[in-house]
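Below are two complexes that have chain A in common, paired first with chain B and then with chain C.
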Partner chain A sequence: MTEKTKKGLARVEEIYEDRSKRAIELKEQGKKIIGYLCIYPVIEMLTALDMVPFRIFGDIKEPITKADACLPTVVCPFLRSSLDLGLKGRYNFLEGTVMSHACEVCEKTAHIWKTYIEQKYTFFIDVPHTVHEAAQEHLKGLLEDFRKTLEAFTGKDLSNDKLTKAIKLHNEQRKLVREIYELRKPNPPLISGVETIKLIKSLMSVPVEEGNDILKDVLAELKNRKNAPQKKSIRLLLWGSIIDDASLIEIIENADANLVMDDTCVGTRPYFDDVKLTADPLEGLAYHYLVDIKCPRTFRESEYGETSKNYMKDLSSRFSYLSDYARDWKVDGIILHSLRFCDIHGYEVPAIRDFLDSKGIKSIYLEPDYTESALGPLRTRIEAFIETLG
Partner chain B sequence: MADEKKKKAISRPKAMYPLRARIDEVYQNSIKAVQAGKPTGWCMVNWWEADPIIMAMGIEAVYPENYGAVCAAKGVAQKYLERSDSEGFPSHMCGYARNTIGYTARMNDLGRIPEEAPMGGMPKPLFLLGSGALCDTRFKWFQALGRYLDVPMWTVEMPQPGVREEMMPGAHDRNIKFMVKELRGFIGFLERLFGKKLDWAKLEEISNDIIEMNRIWHETNELRKARPSPMHSRDFWTCMTGCLYPAGDLKVLIKLYNDLYIELKERVDKKIGAIENEKYRMTFAELPPWHSLNIFDTLAERGWNFVVESWAYHPPKPIDLSKVSDPLERIARFTYQWLSGYYQNAMKAKEWWGFFAYPYMDFVKDYQCDGALLHPLITCRTATNHLYLIQDRLMQTMKVPSMIAEGDIVDLKLFDAVDVLRRAETFEESMDHYKEIRRKEGFEW
Partner chain C sequence: MTKSVIIDEEEGICSTVTGPTGAEHRHLANSVIEQAIRDADLSLDQIGYCVATGYGRMNVPFADSQITELTCHARGVAKLFPNARTAIDIGGQDAKGLKIQDGRLKDFVMNDKCAAGTGRFLEVLAETIGLNVKDLGDISLKSKKRIRISSICTIFAEQEIRAQISEGAAIEDIIAGLHESIAGRVVRMIKRLKIEPDVVITGGVAKNSGVIKALREHIGYDIFVPENPLLSGAYGAALLGREIYNKETSEKRDIRRGISLKEGVTFFK
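Let's look at the complex of A and B:
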């Protein structure tokens, strides 16, 4: 009997509590499970070859013991935790991994992972830093190489038709996720922040078709649900570096706030833009992963090669989607979250606060260190922030 | 005699002094030129990818990274670091970046260069040049300066080829093509910004001079493989600036680097070392504590000669670029060689971290090092990520031990020199032990 007997949010909870269980089951059925770190590995290419993309996460509840020997304490604690789990064998069911230059430490983690953890297949994508056309073209070339290694690994042809089909499946997932987020617009929202992160994390643990079925079930359940989240006095948006555990969101929602929107990579970032269907599917994929995904790891100008600059115009071009979210989801305040030692988000914080201030949106900045014990002290700050919004 | 001046433990090459003076002079001239109205840009060190273009356009380049080291060495960085913290930037970020952010915020308040700024300070730029090389900070930091400087910014791309994927057929040429395209974009940006055309003949001459200067600097460092080694890391760090931040009349710099080469060659021939009693040959990684460089003098008194260091600041291994007619392609290939030339053996050895970590394995073998002093920086991921891996690989493959001393390039509060010196004594026992192990296992040193 498989774990697929439960449906909707109950099924989500089940996957969230033990992500590897379903993956191991699929592996026993002959599926290749490929791990990926961060959201820049192009998972459509794995799906197209009938492999299961399985996102690698850390565990804030697990002390880091093994990774200390090969990745210093002054780097991203999420990546250290992920590597730690890898070194402890928690990802031994993976057939291989695809990693990328999502950020500098993610890049280095990929190399260390490859050095210390045996895998049948690995690929590293050196994602460029700018969104220029030359960078898009370059990324497309890297994806051509990715395609070649996947074909060699699986012994199968990765045709454009297969790729287009996979893109459509993932676009369907993106559309369904956006429908879920629409249900966070009412007051109270029909799905809580905790339920949302659990749902997204589950989607990143199962084949895309299975994820789409889960989403359809959840949507049906939410539209008829009797036990919707309680209405709170404040509606919040969460921005920042990775959050792959519901604990922080529980703290927010246990206070007098509904978390109704986010801009994180276990949230809207991988889902809020579709991959364009282009004659050469790699072109659409390169564009999506480089241009569409709004992570501060990528350098953007308000216009290509601009020779004059206005700070507020620059901020607007980089962050106006956030004020759009705040307007559309009727947000009262924004929690800015950057993990300690996350440079790409850390540098962004004063600018993003300038932008939010200019729009009259209040914000608070949190810098936890990816441990469960560090979350306690945040509770007081979050509660105080909520009070200031009331 | 009690009043006799104590002899310095590190014998510094005489040719280093005019080279250092020239570097300082060029810097001062650059400041004066900018103050007199010459266009200027603040640039990340870009490993010669953009420098020749900037120079050929007649723009003065100012390097805030280098200025961060200057502020640290002159003891004024702390003020700027604290200002950066108060601006809301996390305190764990790059010391150079925080120094620049604090400096710029203060310059903004005053409407002029702060009076305490060493070496005349950094004048306000007309553009910012970020770089995709090595770390995210190199463009995020400049982007963050937008709070204080309403000037445009360009980021030069640099693929990071130290992995197996970049050795796939066609990957090398694709990377070069990408870099060239981006350089053409950068030229267009500068031409629009300054309303003038690039002098291609000048670009040709400058890029060739840079290549030649680096060739001599490379050959100079090759001489350090000799026993005893004729130049200490302190002099490497002093002299590297001319190559890393090329400025002024490059032909003068070439002559000065050549003088240094000649002096070191003579030292090698006469078996004169940088320190009198070279007991331990050392490698250093990555960036040194600029505020506490005198610790190396104390270690030299114990017989520690630092013979090789910081691969990222070494010049590329020379390659023949004479048949490359397009100067932009020549520049791209030269810079790419810097990133890729040190790990050509890495893949054969199945060392998957081709750049950053691997060069030290070659260095330790080629320079016959007894130990490594590794300096993790609390505020720099780039200089720190790979150090534990280096420690492991050096021991596993060559039985060379490493000592880790945490610190920072700018923030002196984060470095404990006394502790390092205390641990050095014990570490010598470890180096002696492994020297014996290497001898038994048939290593050459």
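Let's look at the complex of A and C:
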């Protein structure tokens, strides 16, 4: 056991800077570290068997040199980067991986990963793309299969009791994250956007109990902090594709704005709804991953079976949570971010803009590449957007 | 290009300077302001406030504040054309579309990822044909049957043009095709803003009558061109600077009067 002298935000910074360090330590102590790509693999089931879910990210600072041999260059650059790191051996400490049909490219990446990268365990969940009961039932069936492969791999029994216990631990994490987001409501917020993304990324790098301890320390630290973020003229919300590096958020916060809320998958998405505790825990999990998590990879319509067209009703059923966020976090404008070639978010943008326009909420659409050098030109757009809000 | 505009209390223009930017931004900023002051017959301490804008806005050591070129362009255009609702700015590095409301920037789109749809596209292709970019507009107006350039990419368009030249296509038809290509590309981008009249065009490409003709065909509205289309951003910056200065002084806040020139940073010793 290494010394963990740093606490709270200092510990977060430490994990953010070298996120595999702790995982490798745990591996040396005999823990199984299982990588997961995107937020659709049901990590509660890994925790239940005392394995460590470790989210696979890319690196915007690392040029993609190996992945182009197996993935086209005109697909999600985040997934290309993640696969590139995998091919370069950066994820060799993982015992195995769980991936999912989060989106089309995620499925292909999962298959290529399995083909080219040596691992002891691998499972693929073809998560359905609609929210209907039949789809939930289907996902539940897939999770049954997932359970069987995990039991075979670990030689342990994954009982409903163990699973319920794990769900409670993850729900506790969700509750603590929501408490952190409450501290972004004051003006100025008590935690910056940069600190928040680093915190969330850290949580996705360590066991859930350890993450919960970090969250408790950070909460205590924030409530008494003297060096709170500076108050800026504008409060912004960030919606969109994955952002797994603080640089983009830094550009926003170096301009005259506080980022106070997000709807992204290294942010609110995996944390804002609890998993319901059901007699069969897989039922609650299937519901949560399909219905609660609002990534545009899942198709939603205002009402299943409704055959007439009512665009405004459709928009409001799909996006009213965003205007609620904007109201509750007193947001002046929304940055819509769709990573280049991220089809699922790109398709959603015209509809979201129509919805936000109808609510009188100003927005800007950015479509950057997944490299550090692509961030420079964004600065002017972000600053000009802030100027239009002032 | 680096531009400088000095305005007086009545928002009248005292002097303007336009010159090539080069690599040494800070050094150049100093020499441009010195020349502008000389031309206006002013001294440095008579400058109340200075706003820097554009790509180099962080490299003007003596500026009091920085405002993006989008906001400045919108302000400048709105002052020059009070009925303007849409502005198109096509410069050497990027193309922008601006929506203007109540004299202010309301919304915008921009392309700064590649040369396609910018003045750079025309510069490169003028070179391919062996012409000066300044002459393209007039030559293209002679075209009877413009050629369709299907590539958006500057490099691919260059190959297409070479093929057309070798097949004996008339130069004016090729150039008209280039103008159509850039206009089409810019309009497709700006349509996201919902184009409303009056429409104003600024930036270096606004000096090209052929592009304006092609834009007009696409948009369906008349397009207004300022007397000096390169200066509307700098003029807008000056207008915004004056507003800030008046607001600060009316609120009796302490505002530094007079700018001082710090040593221009240089890497060419």
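We adopt the following convention: the second predicted complex is superposed on the first by the 388 of 390 C-alpha atoms of A that agree within 3 Å, B and C clash if a C-alpha of one lies under 4 Å from a C-alpha of the other, contacts with A are read in each partner's own complex, and residues count from 1 in each chain.
The rule we apply is simple: a residue touches a chain if its C-beta (ideal position, glycine included) is under 8 Å from a C-beta of that chain, and two chains touch if they have at least 3 such contacts.
Nothing here was measured: the structure is a model prediction, and the numbers come from that model.
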{"item": "Overlay on chain A: chain C relative to chain B, clash or fit", "value": "fit"}
{"item": "Inter-centroid angle chain B-chain A-chain C after superposition on A [Cα, multiple of 10°]", "value": "80"}
{"item": "Chain B or chain C, by number of chain A residues touched", "value": "B"}
{"item": "Touching partner for A:114 - first (chain B), second (chain C), both, neither", "value": "first"}
{"item": "Which of chain B and chain C A:31 touches, first, second, both or neither", "value": "neither"}
{"item": "Which of chain B and chain C A:135 touches, first, second, both or neither", "value": "first"}
{"item": "Partner chain(s) touched by A:216 [first = chain B, second = chain C, both, neither]", "value": "neither"}
{"item": "Touched partner set for A:388, first chain B, second chain C, both or neither", "value": "second"}
{"item": "Partner chain in contact with A:380 - chain B first, chain C second, else both or neither", "value": "second"}
{"item": "Contacts of A:338 with chain B and chain C, given as first, second, both or neither", "value": "first"}
{"item": "Closest approach of chain C to chain B (Cα atoms, Å)", "value": "5"}
{"item": "Footprint overlap on chain A, comparing chain B with chain C", "value": "none"}
{"item": "Footprint of chain A on chain C - complex, ascending", "value": "55, 67-71, 104-108, 110, 112-113"}
{"item": "Contact footprint of chain C on chain A as seen in their complex", "value": "377, 380-381, 383-384, 387-388"}
{"item": "Footprint of chain B on chain A - complex, ascending", "value": "69-72, 74-76, 101, 103-105, 107-108, 111-112, 114-115, 123-126, 128-130, 132, 134-135, 137-138, 141-142, 145, 148-149, 296-297, 299, 301, 305-311, 314-315, 338, 340-341, 343-344, 346-351, 353-354, 365, 367"}
{"item": "Complex contacts: residues of chain B adjacent to chain A", "value": "87-90, 92-94, 97, 130, 132, 134-137, 139-141, 143-144, 146-147, 150-155, 157, 159-166, 168, 170-171, 174-175, 178, 181-182, 185, 188-189, 192-193, 351-354, 356-357, 376-379, 381-382, 384-389, 392"}
